[in-house]
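I'd like to ask you about the structure that follows.
All chains are identified by letter, namely A, B and C, in their written order; residue positions are counted from 1 within each chain.
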Amino acid sequence: MQRFGSRLTGALGIALALAIWQGLVDGGLLSPFAAPPPSTIVASVPSLIVEEGVLAACLQTFGETFAAVALAAVAGIPLGWWLHHSRRAALAYESWVAAIAAAPLVLLYPLFLVMFGRSAGTIVAMGTVAALPPIALKTKEGLDGTRRALLDVGRSLRLTPRQQFIKIMLPAAAPVIGNGLRLGLIFALINVVGIEFLINFGGLGALIATLGERFELPTMFAAIGCVVLISVGFFVLTERLERWLRRG
Amino acid sequence: MVAPRLTRRLTPALALQIATLLCLWALWEGAAQSGLVWRGAVPSSVAVLRALGAMLASRAFYRDLGVTLGEVAAAVAIGGASGLVAGLVLGINRFLGRAFEPYLHYLAPTPKIVFLPVIMLLVGVGAGSKVALGALSGFFPMALSVAVGVREVNPVLLRVGRSFNLGPAQMLGKIYLPALTPTIIVGLRLSLGLALVGCLLAELNLSNAGLGFLAMQAYNQLDIPTTYAVLLVIFALAALANAVLGRLAHRSPAGRVRR
Amino acid sequence: MIRKLMVPAMVWAALCGMASTHAQTLRVAVGQKGNWDTSIMDYGIRQGFFKQQGIDIDEIYTPGGAPTLQAVISGSVDIGIGTGLLGTVGAYVKGAPVRVIAAETTGAPDLFWYARPESGIHSLKEAGGKTIGFSEPGSSTNLVLLALLRHAGVSNAKPVPTGGIPATLTQVMSGQIDVGWSAAPANLQAVQQGKLVIVAHGNDAPEITGETVRVNVANVNALKSKRQAMEKWASAYLKSLDWAYSDPKSIDYFAEGMHVPRALAQQARDRFYPKQALEPFKIGSEQLVLQQAYEFKFIPHPMTPTDVAGMYDILGNPTGN
């Protein structure tokens, strides 16, 4: 009941924010050319689907982001474990990994173009590099934060290091690793959409750029809404994954 | 004693960093000289270093550097502080957390650059628009990190605080914030990253100063060595800021590594 | 003698002070900093033409296109330099508060397409089945390329959006596309060195020669509240344009801004930027512009020049037209 109440509160809060936005535009306090009112955005959805091919664009962006986050997880979780396990590696590389998160990778896209060509490979590669730091850092944070009492229990039960990791550390770190995957998703999706925007290789990024050039603002914001929908899809996926990690 | 042990550990780590840099340099130079990739996209490190030297010797560079540093510092301060507050509220109050945290996750990946027209309307086209976009970008990783971190605070600490009848402000100051220090620092690191990218993207779109503006000018004039030189400076600054944050994390009581 | 000069000097200083305290500031967004056509105002600022009119310029740079237009429409800047006419028509038709105050570039003399010598492509007639770059859908490079292909009688080439000049060059030199686009003076040095060959010029297609592709625009509210200042701005802009084509110092500024040798800057200006292409008072081939705007979905239905006559508010025309 409380869960339903909180979800209803959240939905009402968003509805209120949208109503305020609509009111500001209708009242002339906000220019529709800076932020089109929600009513026009919703009205543009049919043309977005029928005339602008948004479904194919969504599939492409979703696929590229999924590939990027998956590759980043495959590389990032072991990297995070290594930074947790080796103090020397942590001292040497932790700040570098964090610095990659701060690097404007978007500006490196000509380099990636040369390596991977004008293809989805460039987009996925840049998304992977962007998603790697938060996944690795959060994995390290999660493993570092395993409570000593739990580790002592494992030692007293004479668990091997591998068993200790799988049965105690990983489930204990699961929420933080899950958070890392969600943050990695954010970084990946921002970069994927950004690079699609820059190299005009299809996907929601290219669609948003084209609609912006044509000054179709309501349809452009509707396309941005699709980015949000993809994020919803991934959020649900990562929640399921986190629950699975906890059970393990 | 912590300091001598830390000093002894630093030297092998530093050696590792230097060895890694040398390997990366060898890879880069090998690619540049091999002829397998176009030199325009992968210039020799000598050309990049020359461009870096020329840039560091120019007065205009320091003006651009100061502009971007100021924008990013303000963006991290505003985005980080507001993210911290939002994260604490959503983490401590489970009802509000269940109500609104999912929306933060959904909105976080939206390309913030689309809000630039609204931002321009509110704060104009100057540094304020870059700070605002950077703050908006940096808000989400901090808020989400802290919201999750609050839920991972050791329940024993919370029970101790309640058993001492600590008020909300005291719980926050004496229990939550010290326990959350590593989480806040990780959040700050991620926030710094997105705030920096947000400020740079805003500079690319509408500016007349800053490192992003400098990089785009060099890039548009096909001066790729200077573009890489600017990126090196940005990367070095980000690494330095993160190293400082990392040291802070090690020094915090909750951040000491358990063995 | 000195005392005789003091009074006039003091009066002059007072007048200068008055001029500066009464100078009006205009905020201007400039697309693609450093290009010849978008730098005319910058040259005029350096020569003091705008100060003479009592105008201070607060300048900001954009990558061109939609960001410039958006800055004007949002009212964050008063004037936008060098934005696409198709995009402007699209915004105007949707009710955006924007007006065209001058033509900025007519025809496409600045554009050219190139290939690597080893590709064997020396003209667009040989580009059948090949990939050819343009910047982005609906851009002037897109329109010009389609016109060039029609003119060359090539129906099976593959136009590909490749983004800006640097990204396009990367893709050509990496062999990912066959023909790339550029705007002078970018890549001219490589052409001179034999690393690239020009396969087509923008104005090779006759229909493009008379078409206005880029314009200067202003925000409607700024036009109302700062009209006098904008008229003075337009006057100073015209003076800057005349100066740029008569004083060799302009080539020094151009070379300095684009970081190219002076000789190359001179060649680029003379070959690729004829003065008549930058004539500000005539909007060319309006019907063709509207046809392309409909074809590329900038406008929802076909329109005639009469339908968009209200979009134009040309400033500073000495003949009053």
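Operating definition for what follows: a residue touches a chain if its C-beta (ideal position, glycine included) is under 8 Å from a C-beta of that chain, and two chains touch if they have at least 3 such contacts.
What you see is a predicted model, and the numbers here were worked out from it, not measured in a lab.
With contact taken as defined at the outset, chain A and chain C are each touched by B. Counting C-beta pairs in contact, the pair that comes out ahead of the other among B-C and A-B is A-B. Mean C-alpha positions place chain A and chain C at a centre distance of 38 Å.
Rounded to whole angstrom, the centroid-to-centroid distance between chain B and chain C, based on C-alpha atoms, equals 37 Å. As a whole-number value, the distance joining the C-alpha centres of chain A and chain B reads 16 Å. Within chain C, the positions touching two or more other chains are listed as 70, 73-75, 166, 170, 174. Multi-chain contact residues of chain A, defined as those touching 2 or more other chains: 31, 33-34, 110, 113-114, 212.
With touch defined as above, residues shared between interfaces to two or more other chains in chain B number as follows: 37-38, 41, 117, 120-121, 219, 224.
The part of chain C that touches chain B in the complex is made up of residues 27, 29, 32-34, 59-63, 67, 70-71, 73-77, 164-166, 169-170, 173-174, 186-187, 258-259. Across the interface of their complex, chain A is touched by residues 9-10, 12-14, 16-17, 20, 37-38, 41-42, 94-100, 102-103, 105-111, 114, 117-118, 120-121, 140-141, 144-145, 148-149, 151-152, 154, 182-183, 186, 189-190, 192-194, 196-197, 200-201, 212, 215, 219, 224, 227, 231, 234-235, 238-239, 241-243, 245-246, 257-258 of chain B. Residues of chain C that touch chain A in their complex: 65-66, 69-70, 73-75, 87, 90-91, 94, 96-97, 136-139, 160-163, 166-167, 170-171, 174, 176-177, 296-298.
Looking at the complex, you find that chain A touches chain B at residues 2-3, 5-7, 9-10, 13-14, 30-31, 33-35, 87-89, 91-96, 98-99, 101-104, 106-108, 110-111, 113-115, 133-134, 137-138, 141, 144-145, 147-148, 151, 175-176, 179, 182-183, 185-187, 189-190, 193-194, 197, 205, 208, 212, 220-221, 224, 227-228, 230-232, 235. Within the complex, the chain B residues that touch chain C are 37-38, 40-41, 116-117, 120-121, 124-125, 204-208, 213, 216-217, 219-224.
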